[in-house]
Amino acid sequence: MTEALRAEWTKLRTLASTGWLLLGAIVLTVGVSAAVAAAVHVTSRTGQDPTKLALTGIYLGQTIPAVLAVLTISEEYGTGMIRTTLTAMPRRFVLLAAKAVNVAGLTFVAGCLAVAGCLLVGRLLLPGAGLDPAHGYALVSISHSSTLRAAVGSVVYLVLVALLSLGVATVVRDTAVSIGVVLAVLYLPPILAQAVSDPLRRHLEQIAPMTAGLAIQATTDLRSLPIAPWAGLGVLAAWAAASLLVGGMLLRLRDA
Amino acid sequence: MSEPIIEVTDLHKRFGSAVALDGMTFTVAPGRVTGFVGPNGAGKSTTIRVILGLDAPDEGTALVCGQPYQHLQRPLNQVGALVDAAALQPSRTGRNHLLWMARSQDMPTSRVDEVIELVGLGSAARRKAGGYSLGMRQRLGIAAALLGDPPVIIMDEPFNGMDPEGIIWMRRLLHSMAVEGRAILVSSHLMSELQDMADHVLVIGRGKVLADASVDELIAHASGDQVLVRTSAASEAAGALQRAGNAARVIDGNTISVSGLEAQHIVEVLSQAQIPFSEVTAQRASLEDVYLQLTSGEAEFRASSDRKAQS
Amino acid sequence: MTSSTSPPSRPTNDPRREGFGSVLRSEWTKLRTVRGWVIGLVAAAVLCVAFTFVVGHGNQEGGCTGPPPPGSGPNSPGTNCYTGHPFVPTGPNGEAVADSYRLVEQPLSGNGTLTAQVTSLTGLIWTGPANIAPSLAHTKPGLAAWAKAGILVTPSTHQGSPYAAIMATGSHGIRWQYNYTHDRPGLPGAITNSAPRWLRLTRTGDTLTGYDSANGRTWHEIGTANLAGLPASVILGLFVTSPVSFQRSSSGAPTQATATFDHVTLNGRAVSDVRQSHSIGTGSQDYYPTLGTGSAHRPGNTFVLSGSGDIALAVNPLAGGDTASSSLWFGLIAALIVTIVVATMFITVEYRRGLIRTTFTATPQRTSVLVAKAAVIGVVAFVVGALAAAVGVPLGMHVLNGNGNYVFPTTTLTEVRIIAGSGVLLALTAVAVLALGAILRKSASAITTGVLVFALPYLLGQLLSGSAQEWLFRVTPAAGFDVLGVLPHSAQVDYPSTIANGYYPLAPWAGLVVLCAYAALALGTATFLLRRRDA
């Protein structure tokens, strides 16, 4: 396992795109959060969730760890390198696990930086948008347990999305189609939920990976959430585990 | 007939700081197989891509049938090229791969089936190209090159990945097409692959032509019965050998090259004339040696008869 | 040697033009011979239709009159539930309208003129919580900007009948309006005791004319209306109505207006002297939320009328919000994502495999190749989008109707526009992402960018609101979705014309023009780069 980890780490590390993708993930996440924080203007005293607002960038930023995870395996199929890889590491579950650990680790690091950046942006910009103690909103700070939970949860969310994407790509094997599937699985259910009425909407929001997973970001009005924060993250984790499991089985069963 | 069909003039191209082409100039005549040989990175593929209008040179021109490639109408009817046999959409069948190419040139579907027969792809043509072996891909690539029955055929490293049987088939095919009057340009990084097939050889190194000669000339140059003599009195030795009726040439201060005489006779002649010498070495260079010599150093060889010798 | 095997080289003047047909056929062959792409494109259309069904099916109109059962959550349905939508009247041109008001009628036979002075116009706004029926118990003073009080003529009090009316309004001055969509301004200014307004409506055959006056002596004609086929006997009368106010809440608060009419004089042959008071369109089965049913009194020589409702085009969110395209758009987004993947792969796979070199060897005119690819994928995507919409639009409307939803009436022309527009939307997006693929040359980056830019505005729209959201549908590629717009904008109604309510900021084709600009920009950049770069 250690050798497999090392080998996969070397592969990821020596790809120029890895660094750029991770940097891009941080920039996109923090950038979107900053843009939303700058654009928002709040007049009412309730109904807003400053922490959730500060973490908005995750909505778009998650695409990049997802793409990174997809590329980790789909490019090997694209170039035919998968055969070399499987010759070097014939235990396919171990190989997938090594890839998963590496992708998760890199996403974790990038996620920590991105979430920290988002919270900083929220702390600095949101008071200017009317979300300050004078208007009844607490400043964004991880000294609040719910904000800490949202921050840690968002990092975990990114890691789980990356793992889900890795599983999908292991099943699909083609870069383009994998990315299409991952983005559709992430983004279509929340849009669909907007298009239908309760109770279908609520059920959708409870089982869709993105809406359920992002429940972890809520710090106010928890009762109105479709699913409890940690339970929601659990749903996403189930998705990720299922996709990795199916991916692993197929990796083992199919010819390379 | 002797009118060149590919004319490459003074091509220059850089990729960043790396010089790929540095004054590449040559012509390719119809009716023979022209070998395009040089080590990896010498600029063969870049030159072929420039000829095919895929890469733009920084300077210089490449003309096919007197025109830049981009100006050819239905270019596959004039030039057939095999650049990269692996360049296939894996989920498309071989036949459909040829079909879209045929459509782009307004060719009938029947032509596709003709070339499939010609290269012996047979029933495999209706399978997905992703499952092809290296040799099958190569045959499909050749079928694509022959699709337009073109007077010019350019092949970049066509022997890569072919089995011996395939190589023999390929040599025969290229030879027969040259006999039909086509101009064939075949690149390789191994002279040995071309030795028995090419009528003419262009040796490439560092982005330019190092040798441009017929194979006979190159072989004559390389493996004529040359003997090198090392002596401190070079001019006297040359004089003595010439008096003995042999061609002798002073190469530098203390080396002369002698042809038409065996080493033992040279020793006799020099001993009789009491000329001192330190070494007499028979030279038995092969085409491969000339190639290595040419491509490892800056040496340049251009047969003096190059332009005239063509029939 | 002979050159007999060489085909004669044809002199060419403009190979670009001559060979384009064959490039087109070549690219078409490429597209149709990759089974995965064909399956993907068919799946895109099927997905679109399937999701249209799901979305339509997931929208159940209805309500519950009883409270939720004890011990259930905040979102659980109540008891005594029903399905079906309230009645929405249809206007003379087939449009959905609001037609709720208080009327004191004076039947008239033949030609005639009714004159009245409006001496006061005041209003009340409902302030109660959203979950109880509006009543006068929770109100505060306030006059809606489009509260209306004046003289109306109509052949019938059936909702949606043709009409013409001269009226004083809350803050839009005197107005001449007819048949729900036509409007002309008269004297400006609000009605006060010191500034009453005189109104006059004259009927001459089918022609109706509205006048206003500040003093009752000098009259000014505002406009005329020709209601063809007006019967000899018509209803002429005083009316008051007051529309829902969206000023304080997005769900709207009903209002009521009260007007005092003085110097009411009829010049003409009255059918009877009995002046009956009616409340029109304020029943429980009527969709328009009203604050009571209004009233009418005759203190002295004056008439005092209170009314609630509106006489105007129907707007969302009041009428329910379902349209011919409302269950289609989600399916279109799903189809869009699949189309984006296929259209991108159509070129990035060639780069990936080095096949692009073979393509450019066969057709050295790179612009022709790109244009042919764009044409092929564009036409195919158009067919996918148009076919999916052609099935999806009637299916969606059928399912919505079946579920008891009210679907805004649309003309056949509008449906054709939505169907064609869906095709064009997919086609332009396909062309744009194809160009993106030619620019980026990598599937991963091209598809990610394509989906983020072209398919996710709705998600972004959830994060944004108000003007930011509106600009999203104005200037980004998302403007293409404006082609799905069905609901007519009305300047005579104050309502939140937001995307959430089904109102798009641009005219349908204008939205496609914006998307077209993006596609052209991408295609232009791709052409430039293709010509400049080595293959």
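A, B and C are the chain letters, set down in written order, and residue numbers restart from 1 in every chain.
Simple rule for what comes next: contacts are C-beta pairs under 8 Å (C-beta built on N, C-alpha and C of every residue); 3 or more make two chains touch, one makes a residue touch a chain.
Remember, predicted model here, so these are calculated numbers, not experimental data.
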Practice problem: Could you pull out the chain whose C-alpha mean position is farthest off from that of chain C? | Solution: B
Exercise. Going by the contact definition up top, give me the pair of chains with the most C-beta pairs touching.
Key: B-C
Self-check item: Inter-chain centre distance, chain B versus chain C - centres from mean C-alpha coordinates, in Å
Solution: 70
Quiz item: Measuring from the mean C-alpha position of chain A to the mean C-alpha position of chain B, what distance in angstrom results?
Solution: 55
Quiz item: So what's the Cα centroid distance for chain A and chain C, whole Å?
Solution: 36
Quiz item: Which parts of chain C, given as residue numbers and ranges, touch two or more other chains?
Solution: 36, 349
Exercise. Mark out which residues of chain A touch at least two other chains, giving numbers and ranges.
Key: none
Quiz item: So in the complex, which bits of chain A are touching chain C?
Solution: 36, 39, 56, 59-60, 63-64, 67, 70-71, 78, 175-177, 179-180, 183-184, 187-188, 190-192, 194-202, 223-224
Quiz item: What part of chain C is in contact with chain A in the complex they form?
Solution: 36, 51, 54-55, 58-60, 74-75, 327, 329-330, 333-334, 337-338, 340-341, 344-345, 348-349, 352, 443-445, 447-448, 451-452, 455-456, 458-459, 462-464, 468
Self-check item: chain B-touching residues of chain C, taken from the complex the two chains share
Solution: 1-7, 9-10, 12, 15, 18-19, 21-23, 25-30, 33-36, 349-350, 353-355, 357-365, 534-535
Self-check item: Contact set on chain B toward chain C in their complex
Solution: 1, 30-31, 49, 52-56, 65, 69-79, 81, 83-84, 86-93, 96-97, 99-101, 103-106, 144, 148-151, 180-182
